[in-house]
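Below, each structure is written out as structure tokens.
What follows is a pair of complexes built around subunit A, which joins subunit B in one and subunit C in the other.
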Partner chain A sequence: MLRHLFKLIWNKKGTHSLLIVEIWASFMVLFGVLSLIVYNVSNYVQPIGFQYEQVWNLDLAHNQDTIQEAEKIQRVLQRVRSYKEVESASRMSGNTPFSANQSSGGITYNKVEVHGDFYASDAELSKVLDLPLISGRWYRDEDMIAKFVPIVINSKMQEKLFLNETALNKVIKMDDNRYFKVVGVVDRFKAKGEFMSDEPLVFEMIGKDNKWNSNILIKTRPGTDAEFEAKMVKDIATMLPGWGIEVSYLKDSRLTRHNITLVPVMIFLIVSGFLLTNVALGLFGILNLNIARRKGEIGLRRAMGATEGKVTNQFLGEIWVLATFSMILGLIFAVQFPLMNVFDLASSVYVMAIILAIVIIYLIVTLCAWFPSKQAARIHPAVALHEE
Partner chain B sequence: MIKLQNVEKVYRTSSIETLALNNINLDVKKKEFISIMGPSGCGKSTLLNIMGLLDAPSKGQIEIDGSKVENYNDKDLAHLRNQKLGFIFQSFHLINDLSVIDNVEIPLLYRSSTAKQRRDLAQEALEKVGLSNRMKHFPKQLSGGQKQRVAIARAIVGKPEIILADEPTGNLDSVMGNEILGILQKLNEDGATIVMVTHDDAMAKKTHRLVRLFDGTQVM
Partner chain C sequence: MLSNYIKIAWKVLLRHPFYTFITLFGISLTLTVLMVITSFLDHLFGTHYPEVNRDRSLYIGTVLQQDSAHTSMSSGPAAFGFLVKHAKSLKSAERVTILSNFSFSNTYIHGKKIKLNTKFTDADFWYVTGFQFLEGKPYNEANIKNGDQVAVITDALRDQYFEKGASVVGKNIEIENVIYRVIGVVKGSPPTRVYTYSDVYFPYTAPKSNYQDKGMRGRYIAIVLAKKASDIPEIQAEFDNHIGSISKEEIRDGQQFTVLIVRADRYFDHFLNTFARDDTQKALFYSIIGLVLLMVMGLPAINLVNVNVSRILERASEIGVRKAFGAPSKALLWQFIIENVFITFIGGMFALALSLLVISMINASGWIAYADLTINFSVFLISIGVCLLFGLLSGVLPAFRMSRLKIAEALKV
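Moving on, here comes the complex of A and B:
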């Protein structure tokens, strides 16, 4: 029967070409949207790697002040740490969690070069963000007097840069003057939020004399409110006249970051939903018309021994064959993405998106074909034969 | 082979009730070739549809080769049509998107058979109607007579015992019509029971028995 259906559809390929193109286009759009969704969902289910609930970001801008900026930032840091509402505080580079800032570069070890994100912080960051280490330790103030700049990397960087070796105590040449020494490895740090993929990264220790990294992450005690924020900002403004002082909550920044990720996904979803609805309505209309045109054939098949169920299956089978033709065409394009490693995404993302797109297309065509097919089966054979 | 007892068929709409067949009693014997005649609208096709289990009577009983079909469900009726009955229609009812041989294979799709068995049986049926050289053609490439011969091949491919022909020569000229009748006579000689609806007296005279209908009633 399947062979018969293939033959029937193949002989009518001209009539069905528009429908094939329509299903093909839907498959491609669905594949694109699903790749995006699968990518984001697979990232979302992986832990973010740090705590942000009670953490504030104090962003200091020295504006026109060019005198002793590093000392001034250090004094503010000491003041912040002295509040009873503050559990811990750490200086950090501008690419604080959930911010839009990014700092990246490549590092090389034994001719293996890995590109990753760079974060600069002092020794307190792991306490502020509750960053668990899987091996080694976080850098300490006394590490700064050592020959090499202490760094902490994540397990992704360890895996890519050192392959099967442990990263601890390995020295990496950064440039002519600077060498890094790995003192610890954290599991993951998805600074851009849950939807970020787990990428290789490096935490680099900064000294007290560093004037460029002027963000302070503050972990407050539970119950700390805006009243304390106002008091703290007022104190700092007194200490740093003319400086820009801005406080943001990481949990709010996280939601903003989520929106930035989710809005394009939602737009794609709406567009593809609209397209799929059109395809579904088109299919429904075409099938209804087809059945009206093929009443004689339905009557004939019933006369030749087809049951109602077989007529239903035939019409469903025809649409499945059409969908299969269209998706084979679509697959030729879709498989290029994992094969050519487009957008540097894992092959599993594309494979999952392809499988889901196939299931959804079959589901849509089945739903659209079900009612007209049942209608076709219910046509009385004598009436159908008489009407042609 | 086909037995109809007190068969009545009434078509009802919300306002009108039409008696299409009234108290029909007919016994078609095995290997008999009968023709049904009557003016347009007298119920000939309705009677043939009821005999072919394509329509159910409002009253009365039908027996096909000893099986009483009144309690048969859709699956049983479809099975009986597939195994015992072959249909030939005035307008051929060929599927234009399928080749001649694929059209002939259709009844075999609804029984268990392999692709090779279907192909062999279809070739054999086409040889019987003299169209083995047109197997790969499509219906649009055939003349009316050739189309009807394909329809006959399709009707006999499953080797049914009964052939029901609804005005098989109605769309053909007299030469083609005689040719088709000749094929039907040959099938009858080979053992098929044939019931043919016709408007043509000359054709009817060539069959074993004539049944005349008038306003849904059997008049002879």
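Moving on, here comes the complex of A and C:
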């Protein structure tokens, strides 16, 4: 049966070559768009691992004031914590959740080197962001002893750096004057929002004398509004003349982050959606013409006893063989992506995209071929043969 | 002859509404997508309000520092002093302005929070850009010298902070506990003009501008205005000369850096340079764009060719009769190409209407504040060119096949 279908197609290879190119191109477009979608969806379904609803980000800039910055930041932190509208507050490095800032570096343990994001905070961060720990505990002020800096890592870092051994209490040498000591492990912290992939990361503790990390994350009580924000900014501005003070809400920054991911995906989706509609309509028209032209053949088959279903199946089979052939061509290109590790994506993303693209192409060609072949098969053999 | 061909084409179009629909749908949607994309690119990179002189401007936006082993790299906007020394002093330029990169702030009024973009500029900023003043005037050198706490605000901020449409020059606005006197109100610009967009503009001597920063890196960029576009290479050469004369000691910038790259680029090159640092990345960028364009145009074109080829036989008797009466293949070829181009232009007309609709929707949606997407002359010309290309692309092959049909065969059907 398959051989017969193949022969039928081979006989008309001239006309079919364009159809093959068309299906091949649609497959490639689908593969590209679906890779993007599968990648983002697979990230999206993993929870971000922390709470941001009530959290504000207070960004302080010392500008030209270079006297006792650390003490001043610490004093502001105390003031912020004293408001009754504030549940908890923590200092953090500039790469606060959903911000555009990034800070990353390498970390080595037992000759295994892992590249990850570095976040710095004080002892309160896990309370402010509701970061649950899966083992150990969050660092405390008394963990900061001499050369040892307490750190908390995520499970991805534990998996990569310690090769799934427990990370607790391990000591990592950064340089002669600085050692990291792991005191806890969190499950996930996707700081750039749901669409970020789960990357290895490190939280390191900052001391009270640190003047570089001048962001303060503030968890407010529900119902706190801009009125309080204005009062707080005014208070801080009197405490820190000449400093820059900016308050933003994490939930707003999260939306901005999402749009950066979603807008290009939407544009690609719209453009490829229009391309595929175009192809589907064209395919339908072509198949309609081609099948209608083969009335004689259909009449003969029907006269020889083939049922309507069998005739329909023949045409569907033909287009499936054609689609398969085009997609084998497409696969030759598509498999290069996981094989050559293009764009650093997991190969499962590409495989998933390929499978989805194949399913969608089969769906489209079947839909386009089904109606014309059904209609053609319904022709009475006498009518069909009479025309010849 | 031409009108005859067009008349035939029109009749053919009316004969099978479904196929006409497929053809026109494909053509008009493809062209709509292309027109909207070109219009958007024009919006991003073309010369528009308030950067009315962008076509003769150079942008100095990033200072890139690298050590000799290329292991550590640092890049970002420049310090004010650095730009004064190396950009402001350009002799071949008409004017040079120094402005801060975007920064954010908040202001509170009546228990309401207004998010702000703030910008610190020099007085030349108002010369280089073409902001339209609704009332008041820009700050001048005297304001800057005296360190006056004055501000130019946009109409959008005026409507939020004061009253809609009110006259506000001379009134005070409080931002982060500092009180500024409003000196002028300008018509706001879309945020896609990343360097000139802001809600409020301060003279650079106002508090918190950080123009005193030492070293190379800071928060400022410069826009160099040339007298005419043809002066640009000369200015670039002069600027490269300035950068080239910086001493090794200064390049080190207190750290290990040995390489310093600062360029004065046209807006598009500047944009491209920020994410494609070398030529291979640029080639990759262009080939991806080319591939996407090829797909967006190629797929509908193949589709159209396919439909057209399948429909040859519909016209077989006509071709047979014409051939039997002595029409040469070439005449037939031309007939079908003209027919196709005609159809494409009908599609192009639909596309134009559709693009105008989509663009006005984008402008009205508030997706981009102050959006001013238009179909200007160049966008329209490109679209016409694409129409022609599309018509030829999808018409030649079917026409060639048709003109080769044998008379006997054609008449038989």
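The working rule: the second predicted complex is superposed on the first by the 383 of 388 C-alpha atoms of A that agree within 3 Å, B and C clash if a C-alpha of one lies under 4 Å from a C-alpha of the other, contacts with A are read in each partner's own complex, and residues count from 1 in each chain.
Assume a residue touches a chain if its C-beta (ideal position, glycine included) is under 8 Å from a C-beta of that chain, and two chains touch if they have at least 3 such contacts.
As the structure is a prediction and not an experimental result, all values here were calculated from the model.
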>> Is A:281 touching anything from subunit B or subunit C once the two structures are fitted on A? First, second, both or neither.
In response: second
> With the two structures laid over each other on chain A, which partner does A:45 touch: subunit B (first), subunit C (second), both, or neither?
Replying inline: neither
> Is A:11 contacted by the first partner subunit B, the second partner subunit C, both or neither?
Replying inline: first
> Just subunit B (first), just subunit C (second), both, or neither: which does A:304 touch?
Replying inline: first
> Of the two partner chains, subunit B (first) and subunit C (second), which one does A:380 touch, if any: first, second, both, or neither?
Replying inline: first
> Of the partners subunit B and subunit C, which touch A:234 in the superposed model: first, second, both, neither?
Replying inline: second
> After superposition on the shared chain, which partner residues are touched by A:2: those of subunit B (first), subunit C (second), both, or neither?
Replying inline: neither
>> Once chain A of both complexes is superposed, is A:145 in touch with subunit B (first), subunit C (second), both, or neither?
In response: neither
>> Looking at A:244 after the superposition, I want to know if it touches subunit B, subunit C, both of them or none. Which is it: first, second, both, neither?
In response: second
> Looking at subunit A, does subunit B or subunit C touch a larger number of its residues?
Replying inline: C
> Taking the complex as given, what residues does subunit A use to touch subunit C?
Replying inline: 15, 18-19, 21-22, 25-26, 28-29, 61, 63-64, 225-227, 229-230, 233-234, 237-238, 241-248, 271, 274-275, 277-279, 281-286, 289-290, 293
> subunit A touches which residues of subunit B in the complex?
Replying inline: 45-46, 49, 52, 54-55, 74-75, 78-79, 81-83, 85, 87, 89, 91, 93, 95, 97-99, 102, 105-107, 109-111, 115, 154
>> Can you tell me which positions in subunit C touch subunit A when the two form their complex?
In response: 18-19, 21-22, 25-26, 29-30, 33, 103-106, 108, 111-113, 115, 176-177, 207-208, 210, 212, 295-296, 298-300, 302-307, 309-311, 313
>> Which residues of subunit A touch subunit B once you look at their complex with the stated criterion?
In response: 1, 3-4, 7-8, 11-12, 296-297, 299-310, 380-382, 385-386, 388
